[in-house]
Structure formats: structure tokens, C-alpha cells
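Could you have a look at this structure, given as C-alpha cells, before my questions?
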């Protein structure tokens, strides 16, 4: 399949289940909401070495947030067992401490809930308060008051949705990946947890040479190793590959997010080839067929 | 002492030792260096609930980095025992994965070093390479190659340098704190690890009511509790307080950073009072007298 | 009328007709679209001393632009006589020259059109090309090709919609104005042409002392002159005033934009009073009653 | 000459004299100083169709500005005859109106001065005030007070310093140009007046086909016309060209700025060739030999 002169590989992305908590952070301006969200979702690119995966989901305009202030939704994704602890620590250390923030449940319809009791920080001076129909706690702090819900919906979502952006030059592939990240951020329900939303060093499970490594470079997709490794997957004319990894609250969100990203990437001059990573079903139960999602969620 | 109409409290900030690793991250543009640095220093506001404290130290112009590309220095601060693990994970997950980055030792003259062997990720395809006089490893990855040093200096520095910016309104105090953060970022050797560099909810050790809490709101500095708690420290006319917490590679850097921040904050209309936090020497051995550092590192 | 503790003056903003051209600029990423838009709408705050009024209207997501790339709409506002010349020069010098841009008519249903023949720049090498159903010209340039429509709808819209944000401190008023600007940018059809969208030095027509001045400081709204001038309009407790000036493609857009801005400003701590400027009908035929628009376009 | 695998053409940039006014804008934060500077230097890419050329010169840290607040220097460049008028209008409409700004002479040692009497805006309520050793006027305005010098040094500087960044793909050339812009901004005394600092559509004087055009596409440097025009200057393997145009307060500043930009661009993967524009001495008296400036202002 060819789109705008870019070859779309006839393959699929393989993904697996994860538990997700989605939180809406509001603040006095969009900029301050983003600062809190960025700190709270840092050091959270990959479950391999970080405490969780996390990222910015999408902006929520002031007219759609519980307190009528500009907001941004974030997602925190990990095992069910670790999820509550990560949400507690990241909200307590990175959002409660951040100027002018308030937090609200971003999955109010979820069947399961976790309790995140930040109000103990108030040392008895805290009190309950309704904001925009949400039951919140108000905690006296040095800047004035912090307002937040303490019950957050969690869902079993999808981690590891992905695609590869391959370009004739590194900068073409990078800008293709950047355009994809911008487009995915405009979709509600999905995050791209890596730095700036992009993976420069996609990995394979384990290592051939160093047995103590949980993951190592995916040599078949390394442009500088073409001709040096068997079965290189680097097409002719390709000199760089970036991976986009997408987590989302359900299969449909991930499919839509992937499609938005691919449609954006293929508009960038020098992007030559789009593919995706899969492992023959050993990684997880979700399959996102590139050709199918591109047709289902057509942009132009 | 009064400066520009702002009262400077006759007090000192109390601080304590921490171990620090300082790393220079370069990238194709300053923007990409910042994206990697931001991810790598996220979820790292306070040692109380985060795995470490970390933040952006200062920009390094292209002409001063080992590879001649734009750079930014970051610091990772924690106990000596935990430091290596935090540096390894944050570089491996957040910088090696980030587009176009390279990393270099930001404390080349330090007596102690830690080894951060990312090159195993190369699964045998990696090789050694000198860049700008630094011994680096080149690792083939999907974007092309990652370049980085693997030996990083560490020093016993200072954590918890601090001051309070108090304003007639919350926004006055916030912009005062923001101006301070900007000024501190222009100083080499120091970081402000909280979100956007600012603490909205400064804490006291422990809790009076909830014995299981390691820290709780500092009620004496809560404007909404003035008149409700004994010994409120909120001066008349003050309606909001933000705290700046500063870590740095040595006492002199922290003193200089604090002074730069205070000189900036007092220029902001509505900032009324500057103070600092101390605990009678129980927290740590470093004392930063506000009046002294303001005189020693005068801006105007 | 009081909203969230903020007094809303029982008054109206008076506005006047202007001719408006609305242009959609797309680029490889949202960031590059913004860079072109910012240059093209610079030096265009006020008709008094600038060649026109101009500003960013709103972001257009990739899925809604003719070429499927991220976009931003701008408006250029002036007299009908000067409008074409300003559009030609600003597109030719600031958008055609800007990396990766394309331009499209942002008012395709307008009855009146202007011709903006940039294709002569191609010196005969240009050719016609359809993009997303739009008749464009492709011009060979140093970066590759520039793509753009050359026929743009124009409408008789509204200039000078306005309101004042008054705060207990300068920073409170500034952040209130900033929150308003963010909210207005989320509304399609309106611009705020001043620097960062905000006027720090609102003026009156003419000058009492210097007869050669077309405009001078509006002393009745100057906080430092309260008690020095007769009829000061500064309410008690107010120490700073910022004005938001809004141009839009029709009355309804301006009313909606003003309301969105006011609803945002009143959420900011320290904002005390909202008013608006009018001149007894001498300035223009449009009246925007503050109480009415706040009810008609309610946010929370 | 080859640097980092990039061919540097054995040629020179030809430039011509211009009159320049350099102004320091300070504000409550660096961000607000930049907003004012951006508005004031907009619609000012090229003398061909804009009222002047203008741009951001460099950041001035708070410790180096007359009022101890963060600042940015801008330059306004045009004929001596038009310069005063452009400075007056751009300061009056775009800086006096911008939140929290102050302005100071950025060329205090220049022999020639222009008077920019903004204080008439004060309608008699203005008064004189010394700030940081500078003679300023304080003008009561709606936000409080505006502070500014009214005498600005002007010098006969250099316009049209330039170089071309040529890449294997459009994105490689664009990122090379972006890296150059970042590096040039770190140099004091120079501006890049085009959008984002970059020219996508470099021109030749006049037009072969359309005699009424003052400038038209430089077909010899258009990649899509290679093979269609005689004497194409596009080297093999090059698919995109961006031009950097640099104005500066003297020959040395422009040479240093050009060198910093070239050294930055050649670090970007996919950048293949650097050249420059000249017209056999018909354009102006200044010649910047690429090989010479690269050696004189070596970065690594």
C-alpha cells in the first residue's frame, strides 16, 4: 500500500494489556497545567526500566473541565498492583506541589476506582468541597489552597501500540515522527510516553551477547548495521528509523491514535516507509493492522 | 533589611549534604536537548516520595560542549548508594531513547566517578570512539548511532537550599517565584527540582494529626490558616507563599543561585517579603544567611 | 453582577466595522505554522500606528486543513482600501519565505474575494495544482515548492471589541488577562492583536496637553493617578488594569470571544473587577453588553 | 574545504550597509520580554516588501540589564531616513503596549543618537526618572507605569550577510538551518530577520519574465528545476536549500555570526553543502569569505 509516495508495510503492531489511570490537571493557565503534567509523567518512558509508563493525553479546554480552568489529561500506565502507588506518589510529589493545580478524575465512568488520599497532607486543616459536581478536598497549602478529587477511575487498556517512521535522512524521519506526535496529541485517550513522544532506540527483548540484559538494540532495524547483520529490515533508501509507542484506554483509541500519527508522518518530505513491530503473538493479544486502521480512520 | 520595598527576613536557609551527578546532554537543537533533559529529570521533585531529586542546571552553548552541539546540563541528586542506579535508569530509559542525544560527564574534574555502562545495549555492535577529547561509546540504534561517555564524576553537594517568596496576591508571588527560577537557571551548578522550579505546598517534617505521614502542610506558612493557627508566620499583607528549593554542586553555587533568585523575585510588583526555612540545625550543617548572600552576590 | 467574587461592571464595549481577510497557514509541524503566522501578524497591534491589525485566530488540526497538515488561522484587519496590499505584502514577505508553509483561504464562503498573486515570484516556472479541492499555485523555491491559494474571501467584520481586567496587583491582572487570551484563542473567528494578546497601556482618543497626539494615556484608568485626576475609574482595591481588544469576523464571534475571555479571567485569584470601554456611540455601531454576553455564552 | 563531511563552497557572501538601532527590552520574565520583542520585530523580514528589517539579537541576563530584569536585545535596520520613524512606531505600538516592558538604549556608545519621544503619551502625567544610571521617562498607564529611555544610539552596520544550507532532504536542510539560527542567537550583535530566522524562498533581483517584479525565485538554486534551467547551482545529492540572512552592527559581528551558524549547521546529519550569495560586487562593499570566517571563528 502506498500513500503520498510512502510505502505502508503490510503488517501489524502487536500490543498487550495494561492498567491505566487518567487524570485531568487544571491550572491558572494552560502553561502551568503543562508544567505539572510534564513533571508528573517524567521518568516514565518504558516499563522496562521506569516505575511506570506515563504521558500527556490531550489538552482539555477550560469550558470542558470541572473547574472551568484550562486543563490537560495525563495517563499513568502499569500493572494493577503498582498503579495506585504510582498515582499517589506522582500526584503527591509532582502535582500537589505544582503552582495553582487542581486534579480531577479523567475516567469518571470507569467501573473500578482507586483512592488517592492526598488530603492527609492537610494535617487536619483540610475540608471537603464540591467543584463542578465533583467531590473534592481542599487542602490549605503555602500558596493558598489545593483542590482535588481523590477517587480515580482505572481501566484495563492497551500498551505497546506502535509504528516505525523510516526516512531518507535522520532529520526527515525525526520530523515525520514529530508530526505524528503532534497529531496523536490531538486525539483523546492515547499517550506517547517516550521523550518528546519518540523512541530513537527501539529494542528487542533480551540480548544475544549480554545475557543479563532485559532488552537490547534491534539490530535488524539499525541503518548502520545494514549489510552487517542478516535479515536487515531497513528498506533501500532508508537511513533512519524512529518508533512511536502508543498506550491508550481502549483498542479503538489506540487504533485511532496510530492512524492519526501515520497520516501525519506521511505528509513529511523524506519519509519513505511505515512499518510496525510484532512478535508473532507472544507479546500480547492486540493486533493493529496498518492497512486496516489507515482505511478506518482516514484523515484526507 | 529592605530591598526595592521588599522586606528580607533576618534568617537563614538550612541545607544538608547530597550526592550529585551532573550530566551534559547535547542534541541536534537546543529544543531536543531540553526534551531529553525534561524527561530524564521528571518525577524527581523531592527525596520524600520520588526516587531522587533532579532538574535542569543550565544551558551549555554549542561552542562549549564536547561535540559542538547545543547542550543542557542536568543534575541527579540522591544518596551515594542510590545514585548510580538512578543515573543508569534515567540515561538508559530517557536519554538513550531520545532523538539525537549524546551525553558527556558534567563534572570531569571530580575525584570520584561512577560507571554507567549503556553500551551493553549495543549487543556487541557497539564500539569506542573519541569525541571532543572524551572517551565515548557509539551504539548502533534505530535512528543511527547514540554517542556517550560512560564515566561520570560525582560530588558531595548541597540539597535543600531554599527561600520563600511571599506576595500580596497569589499571582504576584507566583511571578516572583517564576522570575527567580529564570535567574537561577542562568547560574551554573544549581537546580530547582520542583515542577517549573517552584513549590506550591511547602511542608514540615511529620504530621501532628496523621502519624503515618512523613511530611505534611506547613500550617504556619498557610495564608488561609492565619488567625486559625498559633504562631502564623504570614506577615500582614501577604496572601500567598511559594518556596524555591535549590540543590547544587557546592556551597558557593547554592549561595550564588539563591542570591540570583532573590534579586530577581524582589523586582516583581506585589512581592512583599522574602524568608527561608530552617530547623535549628537538625536538618543539616549548611546555613545560608539571606542578608549575607544578598550582599555577597549583588545583582544591581 | 458578581461572578466568582469578581464584580462585572454594568456597561458595554463599543466597537466598529473593519474589513477582514482570514488565512489558513499550514506547515510541516504546528510549531512551524506558528512561526510563519507570528511573523506575518507582527507590527500589527493597532490601526493607530501600525499598517493594519492582525493576529492568530485559532489552531486548525491537521484533519481539518486542505492539505492535512497542522495549521493556524490568522486574520488581517484594516480598511477595505488597504486590505489587499497588506495581505499581499505579509504573505509574500513573511509566509512564502517561511519554511514548509502553504496558505489557504480561511473564508471560502465569503461573497467578496481578493486576488493575491504570489505566483509571479515563480518567474514562469510556477504551475497550477489542486490541493484538497482548492485551486492552488505551486512555485519552485529554494526549499522545494511553495503551495498556495491566491483567492481569499474578505468580510466586513468587527474591530475593537474589548474588556478590562482589573486586579488587586499587577501580576493578578496580568495572569487574568493571560488566561483570557488562552481562552479566546480556543474560539474560532476572533483575534487579540496586541503583544501576547494584551494591552498594557490602553488609550483615549487625542490628548489634552499635546494636541499633535492621535491617542494618549487613559488617565481615568491609570492606578497611579487615582486621587490625582478627576473621575478616576479605578475601583477601590484595584492596582492594575489590562485591556483585551478583540477583532472578529462577525458580531457573534466577538461576543463569544469576549465572553470566553471574561469567564477565564474571573477564575484567576486577585482579579477584582471587569469593565469595558465605550464612547457614547461615537466610535461605532456595535455594542457588547457585558452582562448579556456572559449569560449568552456561559462557560460554567 | 570539507568540514565534518560537508563541503564548504570556496565563495563569499556579499553584503551592504544599513542603519541600525539596537534596543534592550526588559520585562517581568524572559517570556514577556520575548513577546514584546517578537511583536515589535514582526513584518520585518526583508527591505523589499517590509517597512524595515528587524529581529531578536540575543538574550540579556537580568544581571546585565539596566533595571536588573531579564531582557532581550532587538535590532531595527533600514535607511537612515526611515529608521527613526520605524523605531518610534514599533516601540509605541508594540512595546509600550506590552505587559511589564521597559526599554533601554542597546548602543550606548554610538556617536549618533535618535530621539524617540514616547513620553507624550503620558499627556502631561509623565515624569523623568533614573534607572540603572539611565535617564528614563515614567509614563502612567493602565497597568501602572511604563519606564523607558528615549535616546537611542544608531550605527551604520551591515545587512545581507548570508549563507546557504543545502541538504540531502528538505528536513535535513531545515534542521541544519534551525541549528544555525540557535547558534547565531547566542552571538551578540546580529539578527536573522526572516521567519524563525530562515529563508525558504531565496530570491534574485528582478525577474526574467515578469518585468514588474522587484525580486523573483532564484531558479538556479531551486532543486525541482535542476535539469530544467541552465547553470543550476544545486550540487548532486542536494534536494533542498535554505538561506540564512544576517544583519549586524559591524563587519566583525556578522562574520562571527555567520561562522557560528555554519559551524552549527554542519553538525546536522544530512547537511551536504554550504555556500553563499554574491553579485559580483554590485550589491555592496562587504565580502565575507566562507573559508576565512570559518577559520577565524572556529568552534571546535
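Letters are used for the chains, namely A, B, C and D, taken in the order the chains are written, and counting of residues starts over at 1 for each.
Going forward, a contact is a pair of C-beta atoms (placed from the backbone, for glycine too) under 8 Å apart; a residue touches a chain by one contact, two chains touch by 3 or more.
Treat the numbers as computed from the prediction; the structure is a model and nothing was measured.
Participant: Measuring between Cα centroids, what's the chain most distant from subunit C?
Facilitator: So the farthest one, by centre of C-alpha atoms, is B.
Participant: At the interface of subunit A with subunit B, does the proportion of residue numbers present on both copies reach over half, so same, or stay under half, so different?
Facilitator: Same: when the shared numbers are divided by all numbers used, the fraction is over half.
Participant: Taking the mean of the C-alpha atoms as each chain's centre, how many Å separate subunit A from subunit D?
Facilitator: 39
Participant: Just how far, in Å, is the C-alpha centre of subunit D from the one of subunit C?
Facilitator: 26
Participant: In whole angstrom, what separates the CA-based centres of subunit B and subunit D?
Facilitator: Distance between chain centres: 34 Å.
Participant: Find every residue in subunit D that makes contact with two or more other chains and list them.
Facilitator: Within subunit D, residues 28, 144, 170-171, 174-175, 240, 268-269 contact more than one other chain.
Participant: With chains as vertices joined when they touch, what's the shape: line, ring, star, complete or other?
Facilitator: Its topology is that of a complete graph.
Participant: Okay, in this complex, where on subunit B does subunit C touch?
Facilitator: 167-172, 174-176, 240, 268-270
Participant: With touch defined as at the start, can you tell me which subunit B residues reach subunit A in the complex?
Facilitator: For subunit B paired with subunit A, touching residues are 28, 32, 35-36, 38-46, 48-51, 89-90, 92-101, 120-125, 139-146, 164, 170-171, 173-174, 177, 194-196, 198-203, 207-210, 212-213, 215-219, 221-225, 228-229, 239-243.
Participant: Please give the residue numbers of subunit D that touch subunit B in the complex, ascending.
Facilitator: Residue positions touching the partner: 28-30, 61-63, 67-70, 132, 144, 175, 178-179, 182-183, 186, 260, 263-264, 267-269, 299-300.
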